[in-house]
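In what follows, chain A forms one complex with chain B and a second complex with chain C.
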Partner chain A sequence: MSHADGSPTGVIHNIGYRGYDGERLTRRAITLGLYTHSLRGAFGLGRAARSKVVPIGMFVVLLLPAVVLAVVAVVGANMGQLDAPVVPYTRYAMIMQAALAIFVAVAAPQAVSLDLRFHSLPLYLARPLERVDYVRAKLAAMTTAVLILLAVPLVVLYLGSLAAGFDAGRESVDVAQALLGAVLFSAVLASLSVLIASFTSRRGFGIAAIVTVLALSYSIVSSLQGVVAFDADNSAAAGWIGLFSPMTLVDGVQVWAFGVTASTPAGPPSDLAGLVFLVVTLGVVALTYWALTRRYRKVKV
Partner chain B sequence: MNRTIVRLTAQGMLGGRRLWLLGALALLLVVIAVATRLLAPVSEADAAALLRAVAFSTFLPLFGLIVGTGAIAPEIDDGSIVHLLAKPVSRHTIVQSKLLVAVGAVVALAVVPTMLAAAVLGAGPRTVLAFGAGALAAGAVYSVLFLLLTIVTRHAVIIGLVYALIWESLVGSFVPGARNLSVQQWALSVTESIAPSGLVTADVGLGLAYGLIVGGFVAATWYAGSRLNALTLTSEE
Partner chain C sequence: MPVISTERLTKRYPGVTALESLSIDVGDGVTGLVGANGAGKSTLIKILLGLTGATSGGARVLGHDIDTEGLALRSRVGYMPEHDCLPGDVSATELVVHLARMSGLPTSAARERAADTLRHVGLYEERYRPIGGYSTGMKQRVKLAQALVHDPDVVFLDEPTNGLDPAGRDEMLALVRRIYTDFGISVLVTSHLLGELERICDNVVIIDGGTLLRSSSVADFTRSSAQLALEVVAEPATALAALRAAGLEVTRDGLLLLVELAGDETYDLVRDVVADHGLGLVRLEPRRHHIAEVFDEEATRVAR
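On to the complex of A and B.
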């Protein structure tokens, strides 16, 4: 064996490894990478076929009624029966909330519980990635995923209305409002579900807990609102009850801000109440972010 | 039944924090009843409608899902079920013991709170009993169905949710025929048969409902036992 000139001679084992002294990715680039990875994971992209069944299935469940409604709008307008969409854009999320709940319940534990279970967090943190970056990336990915899930059917409905020849200006304003509402829906749903999922490393338990919180709170609030609004004839009190479930909370903001009809027996009773709904919505998102950063400060490496 | 399996399952399902979480869920039902009572004058028909919407269509399926899968899913998940399967105990006995715990939890933390909520809402003794019987029927059938699902597939929770949330509420409200295959409707039929007439309406005939509840419970218990005979452990993706 002959040594290349200039190589150290006293070294016993030199099998030619070289250090890397090129450019390294920054903290931001890694966060962005984690974000895209989590977003793709939420829809099962880059994972086994059976992991795609639920997300894609829920996507189809959410999209199908929108396609049917768009066709109905076009046919109805041609027959001179319709001059506005059958279902207002802002109500779509409320009507399809069971599918939304199942989607976030499956996607959020997928995003965070498995990292806890298989202790992958130390591997992430071995890079120049801070704990808070992890939280931000996961939250942003989940919010984007829910937003995609909600926005695509809304756009389909909107295209249907345009094709039907409804008043384009009015429809554009309506769909813009619904998209703003969808941003709030996705922020609230994503942050709550990620927070719940971050407390368990068992996927099944996380799924059950998230759906229990979302479905049970909605079912309790809407039936309580029904009793109070119709039997006690007290729609103001019924409106305030809407604060206590994530879906009715955001719906209340839509009702107040855009003047649309509520999907539940009662919306916020006054402008002040509407403002409170908005503040609580933003508060929930901020509070869950704070709670998540605290939670992840304690995860052992 | 095997007392050791019953004890271990109860420990796993209700031990530590979990008992408090499930207890809080049960307490919520009673709190809702008290809140409704304070906020509005409630007639017996309102009480029935509220219980139907909250307890029967959301609370019982979710509770059945949690205890039905919780009785065996953790053991299958982490593979420790092989230690249990290696013991000289019939697989049917294992399933029956686990089911006993699940149904016990349903009675203590779902049926009793439902009856309490009905009583708080001012329902008469017969109505309270009717809702108790209906809740027991629903809870028992959900428990055994979800226990069976857990043995059959690793995605039991998701399939159970799709059934409870999408099939029973969404599809059932559009397609009347789907209601024949809805545990909720079977249970409501039991409630209807006991409650004062006109209070609750169900879409499934009483004889059919009783047949489906009892037959379904027995058949699912037996089938779960025989599926446990052929259980294969697969690792998570």
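On to the complex of A and C.
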């Protein structure tokens, strides 16, 4: 505090001011800068140490089972017990969805609620980027963050399968499908969570709201599906119910598009249903993008 | 080319008119934008930056149209918002580097400029600590630094002395003045305190209720009035009588005697009277107005 408010102004004077005549980046490059800054922020990098705990923790939680499964695959194959991965790649996101939900619930408010709470938006909007650039950068950063979280374990699983000597061609196709699915999971989770977070300046509310929406919708949908599929023995209706929670929605697309095992009691009952699942998935992403741009067009600065 | 020029700029909110057909030209130097709270100062700045749209009319900043050339305009303008806008959990250095990049500076240049600028505004070791723990004075400095970090051609400072104690106020005002004299960056600074702006501004624009009250140089505002201020060793009452006896129009203002100035001969006459009566001259000078007086006059005239 030696220089606090009573700092010697004469010293400032002597250093002299230097202007800046160097390069100035374009709007696109600035948006890219905001994207990388937000992506780092999603993992707590460049923020206080306590901001890193949850994101890095969830990253580890998602990665550890993949490491274990990869080791199991190698050991199992050597013992002649296994000729395919224990868990299909496409099911990994569904199995680990609790960790995913916690991650987005913490990262999305970190990305947008803080700027609302501290009223920092004017600092951005008074600079050479537009409101829509801000929305795009934040959405893209969250999507990338979730994708990293999902893709790294998938790659670990894949490497395990290769090391175990499973059919390389088949494994490559399977993991590619799962990675495509991961892109959809990331886009849907990121869009919904950023949209929810953009309506509150309180990080706690954001976290609670996102966890509630994701966990509640999944538990209601999956238990309804169970009741309809097994008790009422109507798997077609159970399949359609999957439309109503983000995780089962994207899982439905995977089931239909790649013909993989459903992680829910029932997948889309027909090709038409599968197509509807895909359209709804893309629709959710498009609609949240539209809603976010509207939200930020109106936000007062 | 004027730094800022507005053309019949109007902003209406539901139920309130913030700006009413405002046409002003602002040139180089430090320009004070004065008005009571709610006079439309902040609204004007936000419109100039494109943060909010005008209802009608137009404006140009540094020759860039606010409606069509917002990006080019904002890359050459710095903005210090009135209210708290700093995240609490990052350090001043991190924030200012980040915002420099958001203004289009490459990373290495952003680091260098951020360090320089923070030093210029008077933040040293504390710039590595989280902003949440800063005093109001330090926060104001960070806000100023982020407005200057990209070396703009003009900065808009919205109430930079808000919340500061008298010493902090003086330092901030000195800093604002230096932005133009030492850094060569034109300044538009708002305040509801005229006395502050009088000290640091070259020009003053006074708005009230969203309309232009007056725009002119500080020198014009504080031009000599047609009075001489006189202070003497002798009793003011004695001197008053002596001066009146010599045929001068004199009024008394505390220890000061105010003599109506008829021409250069008034100086001679006063000198002679003082010498003849042995009043003991302490001070004889043309009396200057303060902007506040002009403002009061005009404000009351508008009110009527």
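Throughout what follows, the second predicted complex is superposed on the first by the 278 of 301 C-alpha atoms of A that agree within 3 Å, B and C clash if a C-alpha of one lies under 4 Å from a C-alpha of the other, contacts with A are read in each partner's own complex, and residues count from 1 in each chain.
Following the convention adopted for this analysis, a residue touches a chain if its C-beta (ideal position, glycine included) is under 8 Å from a C-beta of that chain, and two chains touch if they have at least 3 such contacts.
All of these numbers come straight from a predicted model, not from anything done at the bench.
Colleague: Based on the superposed arrangement, let me know which partner A:A48 touches: chain B (first), chain C (second), both, or neither?
Modeller: In the superposed model, A:A48 contacts both chain B and chain C.
Colleague: Does the superposition put A:R18 against chain B (first), chain C (second), both, or neither?
Modeller: second
Colleague: What's your read, chain B or chain C touching more residues of chain A?
Modeller: C
Colleague: Have a look at where A:A84 lands relative to chain B and chain C in the superposition and call it first, second, both or neither.
Modeller: neither
Colleague: One more residue to check, A:S219. First (chain B), second (chain C), both or neither?
Modeller: So A:S219 only meets chain B here.
Colleague: If I apply the document's touch criterion, which positions on chain A are contacted by chain B in one structure and by chain C in the other?
Modeller: Residues common to the chain A contacts of chain C and of chain B are 47-48, 51, listed in rising order.
Colleague: Show me the residue ranges of chain A that touch chain B in the complex, using the header's touch definition.
Modeller: Those in contact with chain B are residues 47-48, 50-51, 54, 61, 98-99, 101-102, 105-106, 202-205, 207-208, 211-212, 215-216, 219-220, 222-224, 226-228, 231-232, 234, 237.
Colleague: Over in the complex, which chain B residues touch chain A? Could you list them?
Modeller: Against chain A, the touching part of chain B is residues 25, 28, 32, 35-36, 39-43, 46, 49-50, 53-54, 57-59, 62, 65-66, 69-70, 73-74, 77, 155-158, 161-162, 165-166, 169-170, 237.
Colleague: If you look only at chain A, which of its residues touch chain C in the complex?
Modeller: Going by the criterion above, the answer is residues 1-7, 9, 12-13, 15-20, 22-27, 29-30, 33-34, 37, 46-48, 51, 114-115, 118-120, 122-130, 301.
Colleague: Which of the residues in chain C come into contact with chain A in the complex?
Modeller: Residue list for chain C touching chain A: 46, 49-52, 70-72, 74-75, 77-79, 81, 83-90, 94, 98-99, 101-106, 109, 113, 116, 119-126, 130, 135, 137-138, 146, 150-151, 167-168, 171, 174-175, 178, 182-184.
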